[in-house]
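Listed below are the structures to be examined.
In the two complexes that follow, chain A is the common piece, with chain B as its partner first and chain C second.
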Partner chain A sequence: MSTAAWLRLALMAGLFLLLEIFCRIGAIDSRVMIPPSEMVVSLVSLLQTRQLAVDMLQTFGAIAIALLFAVAAGFAAGLVIHALPRLRRALDPFLATYYAVPLFIFYPVLIAFFGISVLPIIIMGFAFAVVSVIMSTLNGLDHVPRVLRKVARVHRLSPFSTVTRLIIPSVAPHLFTGVKLAVAYCFIGVIASEFIASSTGIGHAIAYAYSDFNNRTMYGLILLIVTVVITINMTLHHYEGKISRRMARRPAK
Partner chain B sequence: MSRLVRIGDILLVLLAILACWQLVYLAAGDVAMAAPAPTLAYAFELLASPRFWPHIGETMQAFALALVFSVLLGLGFGLWMGSHRLSSEVGEPILVALYSLPKITLYPVILMIFGLGMSAKVAFGAIHGFIPIAIFAMNALLNIRPVLLKAGKTMNLSPQQIVTTIMLPATLPEITSGIRIGFSLTLLGVVIGEMFASKRGLGYVIVHAIEFADTQTMLAVTVILFTFAALSNALLLRLDNTLHRRP
Partner chain C sequence: MTVSAAAPEPHVCLSGIRQVYPATQGRAPLHALGPINLDLRQGEFFSVVGPSGCGKSTLLEIVAGLQPPTEGTATFEGRPVVGSVPEGIGVVFQEDASFPWLTVWDNAAFGVRRAGLAEAEVKRRVGHALSFMGLNDFTSAYPSQLSGGMRQRVCIARTLVMQPRLILLDEPFGALDAQTRLIMGDELLRIWRETGATVLLITHALDEAIMLSDRVGAMSFRPGRFLEVLETGWDRDRDSKIVSDPSFGAMTGRLWSHLRSESIDAINTLGQKAS
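Up next, the complex of A and B:
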């Protein structure tokens, strides 16, 4: 591990310890926050319950479905929009504004439409993620070397094999960045929706524990989310670095 | 002429969105949706009504305060990490991980620390907004072309001159991009904050309308927020593009 990674680990451990001490000596009220070690204990005991297994299945399942649809639809939409420059120029201001709008305000509309179920939650996850995939696809397509398109024409590739053999591999690194963002957005969309109004899922369990003044459960669950998100993020970050290093080694177009 | 065509195209997209809204309304009926035309009319009615303005004022006040904190915190962290390479290597993954965290899960913690009301909303807005500002500012400083700094040294510029004539102009476009994104996220944070922990403000009006199944008010306030977010984003985007296009 590099020096930076060690320092980062030490920093996190130090913050953890500091929080622990503050909570133990009562500088942080136990009604506000429980010591980190107790969060871990609470999480371990929660992980053995059936309820959490059900909630995790629902939340992570919803995230996976939303992500799958967002990547497929976002990539397809990106291809279409890129092929129609006039449409793209008209859509540009809307794409740029998309994340400026607090999307959660539409969640109640979806509930009114579909009732409280997993469907509006999946739609929210999808809606959060899809635009980041569209934007990264467009960005990637802008960077496809023109010579590749010429090669495709010289070899008389069908549009389908042009996309699968040339476009996708050369868009892949940009797309990966978009997918990384999409994962984060899916988590945010799904868990926040569950938090706002839902009858199942981890987000709901946190909101429920909060209104129930059940700090142990609440912090255990928050720790679970934080750990899962950070692990996924670090893994993707690692692969992204690998891909971009591999691209950098490639001879220039 | 091409500019006119483009504006026409944008209006067409807007019309298409309104048409979809109308179709959804026709499919869903009065209970779940309100039609676009009456909702827009109602939005103007709200904007004209003196009872509505305190809510706007409350949201804007929280938003302005949160934005100040976002920018100060973001620039503070970003400039520190950007001028010290080891700090950036240590801190960047932490910031990126925090960025991807669904911050709503931290909402109970914020509420317990700050209590209900203004300070919780401001804190919630600021934790949403400061991270992109920090990341952009850090990268802007790290990516200054070394030749510029070398040129400054050969010309014997004082540290102060290096900051004002090289660093500031070189980083301003990226920092503006960061602030644009931070602006949106701060607004998002404040509105979500109001939805859960307030008796005033636009977020509260939305939640209140949801509880009474008053879809028209809910959608009208949504449209007002959307318009505000879209217009301010367009302005910032313009500034952003102008700065990026400078030689």
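Up next, the complex of A and C:
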């Protein structure tokens, strides 16, 4: 493990310890926050319940479906928009300001259409993630070296082979960054939607525990989400770095 | 000016080639190239030199079939080059065209695998090309782990495995330092001798063109036309040591006398556009 990784670990452990001390000595009211060690204990006991298994299945299932559609649709839309410069010029302002719009204002509309079910939640996750994939695909396509398209013609590749053999691999680092962002956005979209209005899912369980003053359950679930999100993002970050290093085009010497 | 060798059948024939780019918003039409008439003999090493913007790369792309000329015809082995790159032509570009997501081996094998050759033949050809280019110890490396010169070798190896009969090189050593270019030039001569392919090299380096070539075509600034085609008269088994030959300096001086005023024109014109 690198020095930076050790430092990171030490920082997290330090914060964990500091919070533990503050909670134990009463600097933080126990009605506001429980000590981190108790959060861990709570999480372990929650993980043994059937209800959490059901909630996890719904939440992570919704995230996975939203992510899958966001990546597929975002990449396809990115390809089309890039191929049509006029369309791109027309859409640019929308894409640039997309995340300035608080998307949750549309959640009640989706509930009105589809009722309180998993579908509006998946749509919210998708809506949060898809534009990040479109943007990263466009960015990647903008950076495909023109010479690669010439090489494709020299090797007489079909348009399909050019895309699959040269363009997609060339875009991969940007696409990977888009997927990484999409994962984060899907988590936000799905869990926040569950928090606002849902009958199942981890977001709903957190909201329920919150309104029930059940700090142990609430913090146990928060710890679960934080752990999962950090683990996934650090893993993706690790592979993103590996791909970027491999794809680096160093100046000629 | 027609430059024609008294050979039985030219390997490449350019006849009345002109390239004019149409007017765009606020810009007049640009007559970039031509007329160009040129025959390349089978197995010769021909270089094109000229100032920046004279249409050297455009000429290469027309020969390769990467862009159609506005007027005139290009033929390769008697067949017109129209719309696509004909089989038998390999192109090495100035830019880094290696595929960073593939190993050196897979880079070199890209074309032959696409061509559907049997795996044994792929191995034989790729192994030979990588060995020939001195890349045997780097077969599992990725381009990002190699220097610019090594990456260009990978691109040349990828071209060689296709066993092209015409190799087009668009300033392949433009991004390399002077010493590496001399060494790469020697390797290029070795490839040319061993493959027997016809080579068309685009370069802005007079010394490189004269050292490597049987004939050197000096082009004017826009529209690019041949001012002179110089026969070097070198032996086929030459190498970079010929730079110390007295006639090397004389030929360089002769071409420079043509190109000096053209280069000044290019600097003035392109400089004005940039400002």
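Here, the second predicted complex is superposed on the first by the 245 of 253 C-alpha atoms of A that agree within 3 Å, B and C clash if a C-alpha of one lies under 4 Å from a C-alpha of the other, contacts with A are read in each partner's own complex, and residues count from 1 in each chain.
Rule of thumb we're sticking to: a residue touches a chain if its C-beta (ideal position, glycine included) is under 8 Å from a C-beta of that chain, and two chains touch if they have at least 3 such contacts.
This is a predicted model, so every value here is computed, not measured.
**Student:** Which of the two partners, first being chain B and second being chain C, lies in contact with A:His237: first, second, both, or neither?
**Tutor:** first
**Student:** Touch test for A:Ile25: chain B only (first), chain C only (second), both, or neither?
**Tutor:** In the superposition, A:Ile25 touches no partner, neither chain B nor chain C.
**Student:** With both structures fitted on chain A, tell me whether chain B or chain C touches more of chain A's residues.
**Tutor:** On the superposition, B touches more of the residues of chain A.
**Student:** A:Arg153 in the overlay: touching chain B, chain C, both, or neither? Say first, second, both or neither.
**Tutor:** second
**Student:** Pick one for A:Pro169: touches chain B only (first), chain C only (second), both, or neither.
**Tutor:** Second partner only.
**Student:** Enumerate the residues of chain A that count as touching chain B in its complex and touching chain C in the other.
**Tutor:** Touching chain B and chain C on chain A: no residues.
**Student:** How about chain A: which of its residues touch chain C in the complex?
**Tutor:** 145-148, 150-151, 153-157, 161, 165-166, 169-170, 172, 245-253
**Student:** Could you pull out which chain C residues touch chain A in their complex?
**Tutor:** Per the touch definition, chain C meets chain A at residues 64-66, 84-85, 87, 89-91, 93, 95-97, 99-102, 110-111, 114, 142-144, 147-149, 151-152, 175-177, 180.
**Student:** List the residues on chain B that touch chain A in their complex, please.
**Tutor:** The touching residues are 6, 9-10, 12-13, 28, 31-33, 86, 89-91, 93-94, 96-97, 99-109, 111-113, 181, 183-185, 187-188, 191-192, 195, 206, 210, 213, 215, 218-219, 221-222, 225-226, 229-230, 232-234, 237.
**Student:** Residues of chain A touching chain B in their complex?
**Tutor:** For this pair, the touching residues of chain A are 2-4, 7-8, 11-12, 31-33, 86-87, 89-91, 93-94, 96-97, 99-102, 104-106, 108-109, 112-113, 183-184, 187-188, 191-192, 195-196, 203, 206-207, 210, 218, 221-222, 225-226, 229-230, 233-234, 237.
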